[in-house]
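Step one of this worksheet: look at the structure below.
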Amino acid sequence: MERPRHQGMAKNTYMRWRLPLVCLLWEVAMIILFGVFVRFSPEADAHWKEEKREMNLTSDIENDFYFRYPSFQDVHVMIFVGFGFLMTFLKRYGFGAVGFNFLLAAFGIQWALLMQGWFHSFKSGKILIGVENLINADFCVGSVCIAFGAILGKSSPIQLLIMTLFQVTLFAVNEYILLNLLHVKDAGGSMTIHTFGAYFGLTVTRILYRPNLEQSKDKQGSVYHSDLFAMIGTLYLWMYWPSFNSAISEHGDAQHRAAINTYCSLAACVLTTVAFSSMLQKKGKLDMVHIQNATLAGGVAVGTSAEMMLTPYGSLIVGFICGIVSTVGYVYFTPFLESRLHIQDTCGIHNLHAIPGLIGGIVGAITAAAATEDVYGKEGLIKAFDFTGAYQTRTPSVQGGFQAAGIVVSLLMALAGGALVGAILKLPVWGDAAAENCFEDDIYWEVPEDEESDVYHMHNPDKPASP
Amino acid sequence: MERPRHQGMAKNTYMRWRLPLVCLLWEVAMIILFGVFVRFSPEADAHWKEEKREMNLTSDIENDFYFRYPSFQDVHVMIFVGFGFLMTFLKRYGFGAVGFNFLLAAFGIQWALLMQGWFHSFKSGKILIGVENLINADFCVGSVCIAFGAILGKSSPIQLLIMTLFQVTLFAVNEYILLNLLHVKDAGGSMTIHTFGAYFGLTVTRILYRPNLEQSKDKQGSVYHSDLFAMIGTLYLWMYWPSFNSAISEHGDAQHRAAINTYCSLAACVLTTVAFSSMLQKKGKLDMVHIQNATLAGGVAVGTSAEMMLTPYGSLIVGFICGIVSTVGYVYFTPFLESRLHIQDTCGIHNLHAIPGLIGGIVGAITAAAATEDVYGKEGLIKAFDFTGAYQTRTPSVQGGFQAAGIVVSLLMALAGGALVGAILKLPVWGDAAAENCFEDDIYWEVPEDEESDVYHMHNPDKPASP
Amino acid sequence: MERPRHQGMAKNTYMRWRLPLVCLLWEVAMIILFGVFVRFSPEADAHWKEEKREMNLTSDIENDFYFRYPSFQDVHVMIFVGFGFLMTFLKRYGFGAVGFNFLLAAFGIQWALLMQGWFHSFKSGKILIGVENLINADFCVGSVCIAFGAILGKSSPIQLLIMTLFQVTLFAVNEYILLNLLHVKDAGGSMTIHTFGAYFGLTVTRILYRPNLEQSKDKQGSVYHSDLFAMIGTLYLWMYWPSFNSAISEHGDAQHRAAINTYCSLAACVLTTVAFSSMLQKKGKLDMVHIQNATLAGGVAVGTSAEMMLTPYGSLIVGFICGIVSTVGYVYFTPFLESRLHIQDTCGIHNLHAIPGLIGGIVGAITAAAATEDVYGKEGLIKAFDFTGAYQTRTPSVQGGFQAAGIVVSLLMALAGGALVGAILKLPVWGDAAAENCFEDDIYWEVPEDEESDVYHMHNPDKPASP
C-alpha cells in the first residue's frame, strides 16, 4: 500500500491550517495590491474608442488583442496542461504534478503581473495591463514550473508557494536587467525563462538534498498510463512552442519568423532524440523519458534567436544538436548530478532547460553578432534589435556581447537566488514529507482507494465470460 | 464484476431501436429545417467581395471570422473536451461522460443554430449564420452540458436527447427575453447559460429523484486515473474561459477586457479553493473534487460583468469569493441537497454553476448600475451597454435593475422548464437504468473486458524479473 | 506476460544501430537541403517593412500570419495529438501509437516543406516558406498518419520512416498534378490527403499481409482507459476539423464558409454514427470504435467542397450519409477486407478516410459542376474556382469534370505508390516484429513494469482500512 507509513513519519505534513493561511493571506495581498496599482491598458479600457481616434486607427482589428490573443491561449495551455501533464509521469504523483502546478501558476501569474508591471508597464502610478502582460506573466510562471520539475515529489505546497513568490520576484529583476539595462533580445526566454528557471531549481534542489531518497525509489518510476498522460503534456508543449517563442515578438514578420524557426528546430530535435535514445540503450529500445523531454529541447534552444534571421536551416542545426545533448544528458548527466553533486533532479530539467537554455543564449548571441544590413535590410536591422534612442549606435557585434552578458547575469541570478530560496525552504516548518513518503500523492491529497474494488471485480468468480 | 445484474433489472435499457429512431428522425428534421431556413451570413457568402465593396472594407481581415474564430475554437474545446472530460471522474462512466456529452452537444448545436437563428439572425425568411452563430450555438449547448452534470450516470441517451431538444428551445426563449426584451448584457452567460442551465438541471434531477441510488454508491467515486482524465476537462475549461467570456463581446476593447477580467478571477479562485479544500477536511488534505470544479467558479461568476469595467481588482474579489462559496458548497450543500431536498446532483453543478451563476448575475447588475461616464467615457458607456435606439435614455442604474430582472427571469424559466422536462423524462419509456445499474457504462456501451488479461499477466509466474 | 516470447522470435527487431542511422542520416540530409534551398517568405523576412511599403499595406495585421496562424496551430494539434491519441486505443500499443506518429510526422513535415516547396514555392532557386507552407506540410503528413493507421502495430519505426519518405514524395507529385495541372480545388484534402493517404496505406498493408496475425489477436483490443485516451484524439480531430478544412482557403468568406460547412457536417455525422452503432449491434449498445472514428467521416467528406457554396443544409446531408457509411463499414467491410481481400486495416482507415474521401471528391465535383453566378456572384465564382489566367474560360461543369479526374488520379497514384512502397517495406531487413509480437510496445520501447507493484499493494495484508 502506498499510504505513508505513519509510524515512520518524522515530519509533520499536516496542511490544514498552514496551507489555507498562506493561500488566503497572499490572495488578500494580491487584491489589495491590484486595487492600488492595476488598471486596464488603453487597448482594454472602455475609453479605447477615443484612443483609437487619437491614434488614427481605422479598425478594431488593430487592437493588440488580435495580434497576440491566439498565441496567449497557446502559451496558457503550455503552462497549465503542458507543464502540468508533463510531470504526471510518476506513478503516484499525478495529482501533485498537475494540481500543485495549477496552484503555483495561478498564484504566480498574479504576482508576476505586479512585479513585471512595476518594471515595464508602470505609468502615472498605475500598472496598465493588456494581453501582452498576460503572456509575460505566463512566461514568468513558466520559469517556476521549470524549477518545480527539479523538486517534484519532494516538496510541500507551501514550499512551492514560497518558492513562487521569491522566484517570480527575482525573475522580474533579472528580466529588467536583461531587457532594459543590457537591452538584450530574448523573446522566447532561453535566458530569462529557461536558464534562469532551471539553474534556480537545480540550486534549490541541491540545497534541499535528501540523502535517503532511495527509500522512495520504487515510486520514482512511471506506469504505462502515467507515461501516456505525460505525453499529453509533451505534445502540447511541442506543438505550441512556436506560439511561445513568437508570442511577444514585434508584430508582423518577427512573429511569423519566430514561429517558423521554432517549428523547424523542434522537428529536427525529435529525430536526434529518437536516434540517441535507441543508440544509448543496450537493447536499442526507445525510452519514454527521452521522448517526453528531449524532443522539446529544440524549442528551448531557439528561444532567444527565433525572432532573428536564424533561418530554417540554422534552426534545424540547433534542434539537431539539442536532441543529442539533451538525450545524452538524461542517460549520463542526471545520474552523475545525483551521485556526485547531490543534485536530485526529478524531471531532469538540467537536460531539458538548463543546458538547452545556455545553448539558446549562446545561439542568440552569435546570431545577433552575425546580423548584417544585407540580411535584415537597413530598417529591418534597426527594428529587429531595436537600435533606436539610446541604442541607435549599437552594432550587431556589440549586441552579441551584451547577449552573452545576459547569459552570465541570468546564471548568477539563478544561483544566488536559488541558494537564498533553498535556504529558506530548508527551514523545518513548511511541511515537506519524509524521504520515504516522497513521490506519493497520499501525503497531501485525498486519494481514491481504487485498487480494492478492481481487485474484487477481477477475481470475482461469478463474472460471466466475455461475449 | 461491474456488469449489470440482469436478474435484478426492473427496467428495459435496450436501445437498439429507440435510440437510432430518435437520432435519425431528429437529424432528418434538422436537414429539412436547415434546407428551408439556414443560409450563410454575408461574411461567409461567396458574394462577400461585393458586400465588402459596399461597406467600404479595405481588407479581408475585417471579416468577423478573424475577430472571433480563435475564440470560437477555444469555446468548442470547452464544450466537447472541457465538459466531456470533466465528467469522466466517475470510475466506470467515462464512456458515457464523454460520449453522451458528444452526442447531445452535436445535436444541440444544430437545434440551437435554428432556435437562436429564428430569434436573432432571421432576415427575409432565412437564418443567416456566421462564426458568431457557431459560438452562440456552442454557448447554448453549454447550458445543456451543465444540466447533464446533475443527471450524469442516471439517464439514458434518449432522455438526454429529449432534454437537449427542450432545453435548447427554452434557452433560446429565455435568451431572447433577456437580450432583446430586457436589453440585458450577458456576454459570458452567467444568467443565460449558468443560472438557467444549472437550475434547469437541478429541477430535472429533483423530479427524477431515485430513492435507492445508494445501491450504486460504490460506483459514484473515482479511481486514480479517472481523476486525472477529469483534470484534462478542468484545465481546458479553466484556460479557455477567458475566450468563453470574451467570444461574443464587441470588437476591440470589450473582448480584450473580458479576457483580462476572466483571467484574473480564475487565478484568484484557485487559491481560495485550495485554501478551503484543505481547511474543511479534518486531515487537511486536498480533495480532487474541489480542485476539479470549484477552481472554475470564478469564470462563471464574471460571465456577465467580464466585458464591463469590473477591473482586475474587482475580478480578483469575485474569484476569491467564488472559490470559497463553491468549495463550501461541495462539502456542505451537496449532501444537504441530496438528503433533505432529494436533489441528487452527480457533478455538484449547484456549486459550480448555480450559485456562481447567481453571483455572476448580481455582480453584473451592480457593475452595470455603478457605471459612470468618468470610468467608461461618454462614447464608451454608450457602446458598452448599447444605449442606442430605443435604449438611448436608459441610465446605468436602470440598466442595473434590468440586469437584476434578468436573473429572476432566468431562474423562473429554469425552474418551470426543468419541471416540465423532468416530468416528460419521468415517463417510463426512455430506457433509463435501474438504481443499481447507475454510473455504469456497461448498460449502454460495449465495454472492453480489460481486467482479465491484466490479471493474467500480473500473476503469471513465468514473468521474467525486471531488468 | 506481454513481453515477446524470445524463443519464438523469427525476426530481428533490434533497432540499436539501424534506427539511429536512418534518423541521423535523414536529418543531416534535411539540414543540407534546407541550407541550400529554404529561406523565409517575404512576410517572414526581416525585409518585410520594405515589402509592406511596396505593396501599400498599411498594417502589420495584413501579414498572412494573422490570417492563418490560429488555424495552423489547430491543424498541428490534429496531426500530433489528434492522430497520435486516436491510435492509442490498443491496450499495449500506446507508446508506439503516439510516439511513432510523433517521429514520422516530425520527419515528414521537414521533407514535405522541401517537396511541396519545390513544386509550389520555388523562386530564383530558393524555397520561400511562410505559415501556409507549414500548414501544407502538416497536411501532407496527415496522409502519412492515415496510412500509419492501416499498419499500426505491425511495422517497425524504420519502416515508418521509409514509408514517410516515399509517401510524402508521391503526395507532393499527386498534389501538383491535381492543383496545378488539373487546376482542381481541394482545400480540405478529400482527394489529396484522405483518398490518397488511405488507399496508399491499404495497399501497403495488403502487400505486408500477415497470415498469422491472429496470434496477437488478444492485443488488438482496447482496455477501458485506452479507449478514453483515444477519445482525446477523436475530439481534437472533430473539434479542429473546421480549421483543417478552412486553413488554406482564400482569405475572407472562403475560410469563413469552410469552417461553417465542416462544423455542420461533423455535427450531423455524430447522430447517424450513434444511430447505426446501436442499430447494428444485437444488444443495441454503442461501440467505442464507431464513436472514435465514424463521427469524423463528415469532416473528411466535405474536405473538397467545404469552401464552396455547399450550404449548411448540404453539409448536414453529407455528414448524415458518411456517419452511416462509415459505421456500416466498421461492422461489415473491415472483417470482409481482412478475411477475403487480406487487407488488415488496424484502425479501419478504409471506413474513416478511404470511402469518405471518395465521397468527398464526388461531392466536390458535383458542387463545383453545380456552381452558378447566381449563387456565387460573378466575381465570387471567379474567385472561388480561380477561373483566371489560363483558366478564365473554364466553366463550372468542366471544373466538375476535372474534379472527378482528380479523384481517379489520386486513387491510381495511391495504388501504384502503395504497391511500390509495400514491396520495399516487405524486404526482411527493416526490423518489423513477428506476428505474435505485433501490437506490443515492448518490442521497441522500454515499458515500465507497472503491474507488479500494483499487485503488491493490492494484496498487501497490512493495508489499513479505508477511512
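Which chain is which? They are A, B and C, in the order written, and residues in each are numbered from 1.
We adopt the following convention: a contact is a pair of C-beta atoms (placed from the backbone, for glycine too) under 8 Å apart; a residue touches a chain by one contact, two chains touch by 3 or more.
The structure displayed is predicted, hence computed values, not measured ones.
Novice: Please state whether the interface between chain B and chain C is built from the same residues or different ones, using more than half shared residue numbers as the mark of same.
Specialist: Under half of the interface numbering overlaps between copies: different.
Novice: To test your reading of the model: what rotation angle superimposes chain A on chain C by C-alpha positions, in degrees to the nearest 5?
Specialist: Resulting rotation angle: about 120 degrees.
Novice: Which whole number of Å gives the spacing of the CA centres of chain B and chain C?
Specialist: The mean C-alpha positions of chain B and chain C differ by 31 Å.
Novice: At which residue positions does chain B touch at least two other chains?
Specialist: 59, 61, 66, 70, 225, 232, 454 - these are the residues of chain B that touch more than one other chain.
Novice: What does chain A use to touch chain C in their complex?
Specialist: 1-3, 59, 61-62, 66-67, 70-71, 74, 91, 218, 221-225, 227-228, 231-232, 235-236, 238-240, 242-243, 251-257, 259-260, 263-264, 266-272, 274-276, 278-279, 281-288, 291, 295, 309, 311-313, 316-317, 320, 375-377, 379-381, 383-384, 449, 451-452, 454-455
Novice: Spell out the part of chain B that touches chain C in their complex, as residue ranges.
Specialist: On the chain B side, the touching residues are 14-17, 19-21, 23-24, 26-28, 30-31, 34-35, 38-40, 43-50, 52, 59-61, 63-66, 69-70, 73, 76-77, 80-81, 84-85, 88, 92, 94-95, 98-99, 102-103, 106-107, 109-110, 113, 129-131, 134, 157, 225, 229, 232, 444-448, 450, 453-454, 457-460, 462-464, 466.
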